[in-house]
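Note that the chains take the letters A, B, C, D and E in the order they are written out, and that residue 1 is the start of every chain.
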Amino acid sequence: MDELRTIRVAAITRVEGEGGLSIHVRDGAVTGVELRIFEPPRLFEALLRGKALEQAPDITARICGICPVAYQMSAVHALEQALGITIPPPLRPLRRLLYCGEWIESHTLHVHLLHAPDFFGCASGLELAKSHPEAIQRGLQLRKLGNRLLEVLGGRAIHPVNVAVGGFYRLPRRTELAALVDDFARGLEAAEAAARWVAAFEFPDFEQPYDFVSLWHPDEYPLCAGSLRTSDGLLLDVAEFEQQFTERQVPHSTALQAVRRATGGTYLVGPLARLNHCRDQLAPLARALADELGLATPCCNPYQGIVARAVEVVHAFEEALGILRAYRPDSEPRVRYEPRAGRGCAATEAPRGLLYHSYEIDNEGLITRATIVPPTSQNQARIEEDLRHYLPQILALPDDEVALACERLVRSYDPCISCSTHFLKVNWVRQ
Amino acid sequence: MDRTDLLQELAALRFTASLPAAALERLAAVATVARYAAGARIFREGSTNDRLMIIRRGRVALDMCVPGRGEVRILSLAAGDLLAWSALLGAGRMTATATALEETEVLAIPAAEIATACRDPDFGYAWMQRLAAALAERLLATRLQLLDLFADAEPVARD
Amino acid sequence: MAACPRLAVFKFASCDGCQLSLLSLEDELLTVADRLDIVYFLEATSRVEPGPYDIALVEGSITTPDDLARIEQVRRDAKYLVTIGACATAGGIQALRNWGDSAEFLRAVYATPSYIESLATSTPISAHVRVDFELRGCPIDKYQLLEVLQALLAGRRPRLPAHSVCLDCKRRGTVCVVVAQGVPCLGPVTHAGCGAICPSYDRGCYGCYGPCAQPNLASLTAQLGANGATPRETIVQLRSSFNGYAAEIRAESDRLELPPPGGAPHG
Amino acid sequence: MKTAAAAIADNPWLAQRARIARVTPEVPGVATYHLRLVDAQRHAQYAFQPGQFNMLYLPGVGEVAISLSAGAEQQGTWDHTIRAAGSVTRALAQLPVGAELGLRGPYGAGWPLTECAGRDVIVVAGGLGLAPLRPAIHALLAEPKRWGRIHLLLGARTADSLLYPGERSAWERSGLAAQTTVDRATPDWTGNVGVVPLLVDRLAGFDPARAIMFICGPEVMMRYTIRSALKRGIAAERIWLSLERNMQCAVGLCGHCQFGPAFICQDGPVLRSDRIAPFLDVEGL
Amino acid sequence: MPPADSAASSRLPPQLLAKEDLQALLDALRRAGYRVVGPRLSQGAIVIDELTDIAELPRGWTDEQVAGQYRLQRRPDEAYFGYNVGPHSWKQFLFPPQATVAAAERTAEGWELRTVDDQQPPYAFLGARACDLAAIAVQDRTFIHAQYADPIYRRRRAEAFIVAVDCGQAASTCFCASMNTGPACRQGFDLLLTELAGAFLFEVGTPRGAALAAGLPLRPADEAALAEAAAVRQQAVAQVSKQLDTTDIRQVLLGSLEHPRWSQVAERCLSCTNCTMVCPTCFCSSVREVGDLSGEHVERQREWDSCFNVDFSYLSGGIVRNQIRARYRQWLTHKLASWIDQFDVSGCVGCGRCITWCPVGIDLTEEVAAIREEPA
């Protein structure tokens, strides 16, 4: 007798918000997995047309409240390329510093409040705080430091105001950054402790032969710059992104899914991809910690993304401390430019992975075309594929346990859609 | 009441006090006193009435009939107030019902007499000025009532 | 209000930044969770309970047919409905579509627009249901959110000033960027609440908090024009922003007969 | 950090602890809060002029300026008659007897009782405006020989919002001539209908040349009461009114209660009409 | 009111302080326990902020001010004080923009109510101008009047040490002469500097000033120095071009409350509060109740507020001054007219800040002139 099961998760976007999941099972075999992202479309690429290029950092920040800096960074780098300008060298570390703030803020949120509860059977970080107050308090305080850095350098933590095409609106005063040093030194220690806590979690045994994609830079852990690196050994200029990767639309999602153009194959971006490709570029303490924690590379267990995130938090504190200590405001805050027609693209490493922006501007500096490929839409197809591989292991379980297990797997990617950050409603429909 | 007393009284009542002596004399000549017991109806809304009144003693309530709500009290009047001024207009149809709230005395003046007297420009001017002032006061009081002044009144309290 | 009031957080079209503000109350978060029973907050907890709710925080604007039904249910379930942020309060950045051809917008983004269910407009929550309190900002200020929650807990009206950003600039000692640097700034007509961040970073206010009480937009736009500002830099910015759909700004852009803010290049 | 006594003299921001000893419901939405200062000595030493106000403070909610409506000689407490209208007054209405609040005061200028000597005194009140006048009435009735006749003209929206009904009869027995009027009459109301200025228009039994008038009520009512009083021949210098503005500091430091040339908290709330009346007619001042 | 504390009779004869010894003055003040605040460059303007080194002064800079516009410019010389008043005033130190005035703590019985002591160390103001001194005197009347005093202001004011500087120039927005407050400093300072080409003319205004001066490397001023100082001061007098006719100004303004000019200025006025914020005498404030979530601990925080705010005139019946017209009129008539009723002095010292820092360049002297010209 045919047994038809449809597991439906009611609510995920191109960018961030609410998504759902549908699983179709026939005769004990998975016939379909749809990560359904129906976050209302907000049509940013269309809205950007006709806008002054200077507005792009502020507008694209609004794609995501959790990783606005990533959007601002990809936007300004792409637009600076289109304008043919280079920011003064002293500003590079400041942009990395801002990005460190966001990594800390975003990663610690996911690690402590959103993902860790899964390892303790808790509904939320707030509930976990009752049994593990020190760990959660430590996480909140780490996150607060990330937010403080964003506030000092960016004006505020969510949708910072200080990022400008060509640099910054105002450079921080030396005292403003120096005031953070002691707290960041303590934060670094706390971040190491947090990583040790996380590494001790029990991880389900599930590995996949991922095609990891991330930026790679010979001299630094990738944030704002680098070449595109894939697991099959390609090292490409970011300008080739659109030749190598393509977005396809599927009927069950308002988000577009990205695949390798040549093979149609899925790929994975994010902390695991970065760590696997760029372990050598980690700051010394972070790298030593990765060794100490026995984090194997390549690491192909998606559940261990949480450890990769925790190690990246340590890296972000370590790198931030170095920049905070060395900072001297001895540059103009930004490069002046005259608008000119051009096109430019850039990718930076959002907390959740590679974020690609490309723009065309006219000679008045108005945007005529914008393309934005966020990390979650790149991971979406890969997540569906993982679920297809994972489901056979658990199909014997009751429906609600299957749903929960799927949710946990989805959450481990830290997809930038609010529901999947902690909840996927799975609807089982027995046919 | 004899005419001298009436004259004195008219000179003391608020509505008529400011009229010139000659005008007061004309009024005194035609005014009569009417008395109403407490609760007595002086006139009814919609009825015609040919006498204008000035309250000399007591209190009078004005009510209007509102379908579905019955009689609603609009205003109360007291000594010195003008009453039934609609008598001067058109058919003298009353716009409210007047009831004596306590034992009440009015000076009643036939509207026709006033109309005749008003042909004398001196009397007419003095009379109309007085009447306009009284009606303006009445209108102002009505507006203040409309404002529902005391709805949220509080002495010094603010927060 | 109940001993431990039930708090729900809902999301419509938005970036999540405003509800994130609640989680960003690092020092107060656990206390908030003690004082309020968080029974629906998809971003933070797997606990999902149906209404009624004492307080519903609503983020995001209404952009899909499904949203229309959902917000009415939220209203029915909520004793106090508080909108958080510019999307929920004024339609958000996505309201720029309201001037454009939304079908064309969809075609610009999606290869197969027929897969997408979307309304032609992005509208604030108050255009659909009664709202008890509107918290401004893109994003909201977390301490203002705390004040709103505290006020509701205490049974009083939240105390949030409706004055211009200028006052906050001066309180923090920031020099006026308009006067000293000739930088266009929407501060004089923008609702306070952010703490006057932008001018302290040497840039003009770009209006995240929407219009202040009784904004004199006509005088400001005249002043921006007199200073030789081009529409690209200034006047259009008023509307092509997160609160462009706010009534006062719509009225002023209509008065100036500005071209539509979004849509085809070169408007 | 200073606590209690030493700081009071030199810090106007310091409130004293007070406790709600009793609550007397008055008319709908209005109650009199009988307050006792927690420090017994301070309670005994407290003194005020009729017409002055206190700042009542509910920590976490805020402060509100409320005129005293009776002194301790009445019931042993310092009384405030309050309508639950704003955040503070509504929160106050929720407090149980025995609850604590803060109190600063008394502040401002009160009714000029010394000016009443030998004069007919006409007290005109609208709505809750009777509350700040009540201590003045108490004072007047305590020494009837010092003054001429004492009239009270009281208006309210409805009969059941005429304040202090029982007490008014007692006042009348002590020689006060009271008249009341309402805006809206219920069927059982046989008294006057109409606004308070009409009562002033009709008032008999006083000598305009030597009468003095105290007015408290909504601003519009006061404006037209003054107009009627002037028409009746009472000189502007003998018409006093109690004004309300949004008082915050209560001691002339915060600027909130500016009104023309006056600070209502300090120069007022009781002001002489010749000084202030011209400004009452200016819209938006 | 404290009496003017520096009548000419108590002044010592003028002396000279070498330019390079300005640091000695700063050091002496700091040694005496003062937190020295004075002019510094920041955000495109000369603001007032903490000073630890004379090198932080905007030496060689000046400003150009017109209605609605302020621009820094280089001076041809290296003068330390060659500029006019900027966007800040000393008010921010004596009457801080934000302060906690009281606190409450819930106890078992009820509430512990207390005040909060101001912890600020004493200030020394370096570079106050004549109009600034006048403004401080005006605020003294507001905050330290007979019956009540603001504790924060009273303490800070009593402790503040004032080093004034005489103006050698004037901006187009200055009208101190009309208000009889400057440009020369006459009283209200502990020390007074007049910047000459090669030195500062150094004058002592109070015994406290004399005590501080005692440790400084001063030398007697010669006739040439005195003449040069007089010329410097005369140059400022000559440059004050703006005027405000104060004749019967109280009657003129309070008699023109329905003047059509109020509606005209309301079309331009943004009601943004900038004029009141930069005004060195505006003193309006509001108190906010700031509690923690538990409701156990509450602070009462006072913040600068403004009569231009809609909420400022809130009364339970509604907003009293619900139009920009009414709010502008309130500000101007209070400043120039009813201030006199309340404090026996004008609320305006002619510093011109409200003119420069109005984003749309509204000039109160023009408004007064227009009202005078056509009495309503």
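The rule is short, and it goes like this: a contact is a pair of C-beta atoms (placed from the backbone, for glycine too) under 8 Å apart; a residue touches a chain by one contact, two chains touch by 3 or more.
A quick note: this is a predicted structure, and the numbers were derived from the prediction, not measured.
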Apart from chain C, which chains still form joined groups through touching: A | B, D, E
Core chain by centroid distance, with centroids computed from Cα atoms only: C
Per Cα centroids, the chain farthest from chain E: B
Chain located farthest away, centre of chain A as origin (C-alpha): B
Separation of mean Cα positions, chain E and chain A [Å, integer]: 51
Length of the line joining the C-alpha centres of chain B and chain E, rounded to whole Å: 63
Inter-chain centre distance, chain B versus chain C - centres from mean C-alpha coordinates, in Å: 60
Computed distance of Cα centres, chain D from chain B, in Å: 34
For chain C, residues contacting two or more additional chains: 154, 202
Junction residues of chain B, two or more chains touched: 152, 154, 157-159
For chain D, residues contacting two or more additional chains: 60-63, 85-87, 218, 244-246
Touch list for chain D against partner chain E, complex: 1-3, 7, 10-17, 19, 38, 57, 59-63, 85-86, 99-102, 218, 244-246, 248-249, 251-256, 258, 260-263, 266-267, 279, 282-285
Of all residues in chain E, those that touch chain D in their complex: 101-102, 104, 106, 109-117, 142-143, 145, 147-151, 254, 257-258, 283-287, 289, 291, 295, 298, 300, 302, 305, 307, 312-317, 320-323, 325-326, 329-330, 334, 338, 341-342
Complex contacts: residues of chain C adjacent to chain E: 28, 31-32, 35, 146, 149-150, 153-154, 159, 161-164, 166-167, 170-182, 185, 187-189, 202, 213-216, 218-220, 222-223
Chain D residues touching chain B - in the complex, by the definition given at the top: 53, 62-67, 81-83, 85-89, 126-129, 131-132, 155-157, 161, 181, 183, 185, 187, 189-195, 197-198, 201-202, 204, 216-218, 220-221, 224, 242, 244-247, 269
Interfacial residue positions of chain A with respect to chain C in the complex: 11, 15-18, 39-47, 49-52, 55, 58-59, 62-66, 68, 109, 113-114, 117, 123-127, 129, 136-137, 140-141, 143-144, 147, 155-159, 161-162, 164, 168-170, 248-251, 253-254, 256, 333, 362, 364-368, 407, 418-419, 421-423, 425
